[in-house]
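Listed below are the structures to be examined.
Paired with chain B in one complex and with chain C in the other, chain A is shared by the two complexes that follow.
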Partner chain A sequence: MKRLKILFTLFCFLGLSLTAVAETVWYPLPKEAYQFGKIYPEAQKLLYAFDYGHALVYERLLLKKGAVSNPQKIEHEILSEIMKILKNPPNVKIDEGDIAPQYVYTFPLVINLFDWSHLLHQFVLDVLAVSEDRGSAMIARVKEIFAQYKANKPIAITDVCKTMMFMDGHYFSKAFRRTFPSFNLLIWSYHWFQIKLYEVLMRPTKAERDKGVSETITKFWELISDLPDSAEFDMMPETAKEAPIFIAAFPRLAPAFDNNHMLHDIISDILTSDKVLVSSFREEGMRMGRMDMDPNAFKSNVCPEDTAGGAHE
Partner chain B sequence: MSKLVYIFFVMGSVGLTAHIKFAYGGVTNAKAAELALHRVERLVILKKIEEGFQYKVKSFTLELVPHQNEEEPSFKATLFQYPPKDPNQKPKAVTIRLDEEGKPIKEPPFVEGDGEADGAPQWPDKDPVTLAESALHYVLEGSVTKPELGPYHEGITEFTVTQEINQASEAVAVVDFKAKDQPILRVRIKMDASFDSSEFIPQTKE
Partner chain C sequence: MRLRAFRLFILATILTAHSVLADSSVFYRDLVLKVRQSGSFKVPMPSNGDLSFSYEFKFSNAKFEKPLFYDFFLDPDKTKFYRHFWDKIFFQDGSYLLLGGEKVPLTCIYVNGQDNRFSKDTPLIPDFVLKVYLVANDFTCMGPINPGWPSNGGRKEMWDTYFYFEIRDPTIMLPTESKIRYRWTEFPAVLVDPGGSMRGSVP
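Let's look at the complex of A and B:
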């Protein structure tokens, strides 16, 4: 009986620690947290606006599921709303639960994966922004942050390269880009912007980095100036291609980011495809989220990040 | 005279070096083919070319284009629809040119042909362009662990997409890849775009 009690207590402790570890709470916060926004407020506010825009699109698609008779009209309407948000972006990160409650309720695992991954995105930007030079101290600091991210295994997206079939190889794939091409290219432009920020922040001097961030903002506005024609992406922008200097320094971060971006597209497809019933959303979201964490699911043999020296990091 | 020979030699060497750099730099043929298909998909989605280029596709050819620098057209990719009934009409085709990195050249797609595709199979799930893309992924990914796929990764010149019933009595897409001096690489892809099987078929001399 005593043994049973001990076992039970141990079991409870284990359960509690697992629960605690799966929270999307980064504790303690890195000392650099949110400094990027102080140095580059315009870029930071755009990133907040992207989160807002993503959640808004998902919520609308979810609420309008099965009632989209004129996708072009809906796309036009929501796009106008999003443009207003982008032009007048929030100063702080918006809680998705406030603007997209149905989406947050329907995709609990995916939300946790995105939230945790977005913290990694943010803190890497913060470290790159505040570090004086691009030397070993900065690289070590980013790696510390990445290690902390990965340690939270229940909600960490894998850093192993996946093939594009992870994004495009399901029964519901490509529905979003075919139905809402402008939304899709807007989201790929968001992804491009995020990736490009990492690349320009690798420049050696502060003046060059400032110029790079400013050029990236300008280019982003050009990309979305006349959607869908203005964004010349045939496929989701990939970190290896858009940020070669960044991946040379942090090879395993690139797949972690790309896998996050692919999951965004997958959720868009689930929400858009006629082949997925509303009653299956949660299950499919769970299935895809787990795949995104699984290093063996859709594992790619052709990983530029591996050749950049990150294979055994 | 000897100076002239020297100048010609130097110029020739420079030209040769440039040629080698550009021949081996940039993307492989299979990657260029994949990127060309992505462009075709985008053009169909944006209604710049007709849907037949997604759903009535029969074959694809890829030619290398001589070029001087990496941003010039380096690949010419053409996607053909099924031929029309009337033998006097040409099948519809769309041509995309790509630079050495596989980036499409900024120019309108070149569309030719005047006959409506005839006899194109029905594709119940994924379209033939997506299925061909999936077969290309098999080559692109597989060549790392299967060296016999290497010549197709490097040197695909054309492929065709047809339909057949496999040994499990399921309809599959059959994508036949050709590369110079190689047997045909036949890749079967299930209708949901997952891999079915592959084999090499000796090319018959024409």
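Let's look at the complex of A and C:
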């Protein structure tokens, strides 16, 4: 028996040395994968619609680069298209490459980062949705998923807090929100919706969580009911502010999510700014993507998540 | 006493096997690192319409600690076999595929190789066949096939753009049978200049 153990250990040693480390495909999927959509289909479909909306805006901006003489008109046109999608959202997760082939081709690293990060977003929602209580088993499971995410270093966005200068401190920054204020507020409303879902899913009972998700959906529709006036955001919604209970449980997830959201805004600015040539898109996308992965780039010394206990997580 | 000797024999066999496997791993990794790090090619078209393209890359970290391989035996006595091996190594940022004035980032190399030294009895069959993919736009080097497809969505194949060629002679590492896949569309290509360096290293 002892000999068998030795043999088994040796074979394990040989096998482990061949383990792969980098994947955009989460394989095998967590057992909770996409269960959030079964419990909260309306919210899940909105999340699918956001993916569609993001990709659609990026593709249009890319294809119309240098040919936008009337931004308000373009904004109005695309906004009305997106509203139709939001009101009749898809039932399935659509491949971004099908909606926005040029965008996907132009920003390969950023797409890898987004894809991997969006899987983390989804699976955390799934775990929160299916867990009976908010106890240690659920917390451990979320941390397990997060550890799996972080282990994939070639495409993991850092979970170290960055200052807002990461988003707003470049030569092309704020171009998107100045040129297309309604689009920008729509995207910030998406981000608010995602963050808020995490927060309400931390409520102790299923009834309270159901109510919270329903209220979040209602509030989201209010936010985008009359853009740009209906959404009151002066700045990108931050997880620390919008989801304090969630942060207390998962301090390091918040920066990981915020850094993803900031990168979305950065790409919007790159696509909109007159200061960035089309021929530089790929290079700038790579540069910004690498910064988003780098824990030292634009590192914040004031990180609410650290005081919540995440510094030693 | 006999039992102890038997145990020692089993243990020694395993340790020797591990040592042989480790040696082979080093050998195959070394072979992959000899792939030429630059080259120029073209897709021949009539009326001077050739599509010229080139590549240049620098190796970064390997995706696998060691190349993967297995032996496929050709007879019941296990005297003849050929060996399949696979390896993936990331490229440093700045590696590129240049086509149509566009620099597409090359992100990794994937090699699907066959070692025929233990099976052949004719010089007409090459000792090695390396099927080389210089992969663009995939910073995870996940492909060529999406492992969870179709249940995890997406496409069956992972790579929209790559440069493929085969190497049949490790002494010159000449790219042959080349083709380029550009955003899912494939074109056969021919060599213009095999490029310089034949030796890289993993940092």
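Methods note: the second predicted complex is superposed on the first by the 291 of 313 C-alpha atoms of A that agree within 3 Å, B and C clash if a C-alpha of one lies under 4 Å from a C-alpha of the other, contacts with A are read in each partner's own complex, and residues count from 1 in each chain.
Just so we're on the same page, contacts are C-beta pairs under 8 Å (C-beta built on N, C-alpha and C of every residue); 3 or more make two chains touch, one makes a residue touch a chain.
Predicted model only: the values in this text are computed from it and were never measured.
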{"item": "Chain B versus chain C as contact partner of A:181, first or second or both or neither", "value": "first"}
{"item": "Touching partner for A:108 - first (chain B), second (chain C), both, neither", "value": "second"}
{"item": "First (chain B), second (chain C), both or neither touched by A:41", "value": "neither"}
{"item": "Touched partner set for A:97, first chain B, second chain C, both or neither", "value": "second"}
{"item": "Which superposed partner A:155 touches (first chain B, second chain C, both, neither)", "value": "second"}
{"item": "Touched partner set for A:171, first chain B, second chain C, both or neither", "value": "first"}
{"item": "Of chain C and chain B, partner touching more chain A residues", "value": "C"}
{"item": "Residues on chain A engaged by chain B in the complex (per definition of touch)", "value": "163-165, 168-169, 171, 173-174, 177-178, 181, 228-229, 232, 234-235, 300-302"}
{"item": "Touching residues (chain side chain B, partner chain A) in the complex", "value": "35, 38-39, 41-42, 45-46, 104, 106, 125, 130, 133-134, 137, 140-142, 144-145, 192-194"}
{"item": "List of chain A residues in touch with chain C within their complex", "value": "3, 6-7, 10, 14, 17-29, 92-93, 95, 97, 101, 105, 108-109, 112, 116, 152, 154-155, 282, 286, 290"}
{"item": "Contacting residues of chain C [partner chain A, same complex]", "value": "7, 10-11, 14-15, 18, 21, 63-66, 68, 90, 93, 103-105, 107, 136-142, 146-148, 151-155, 158, 160-161, 183"}
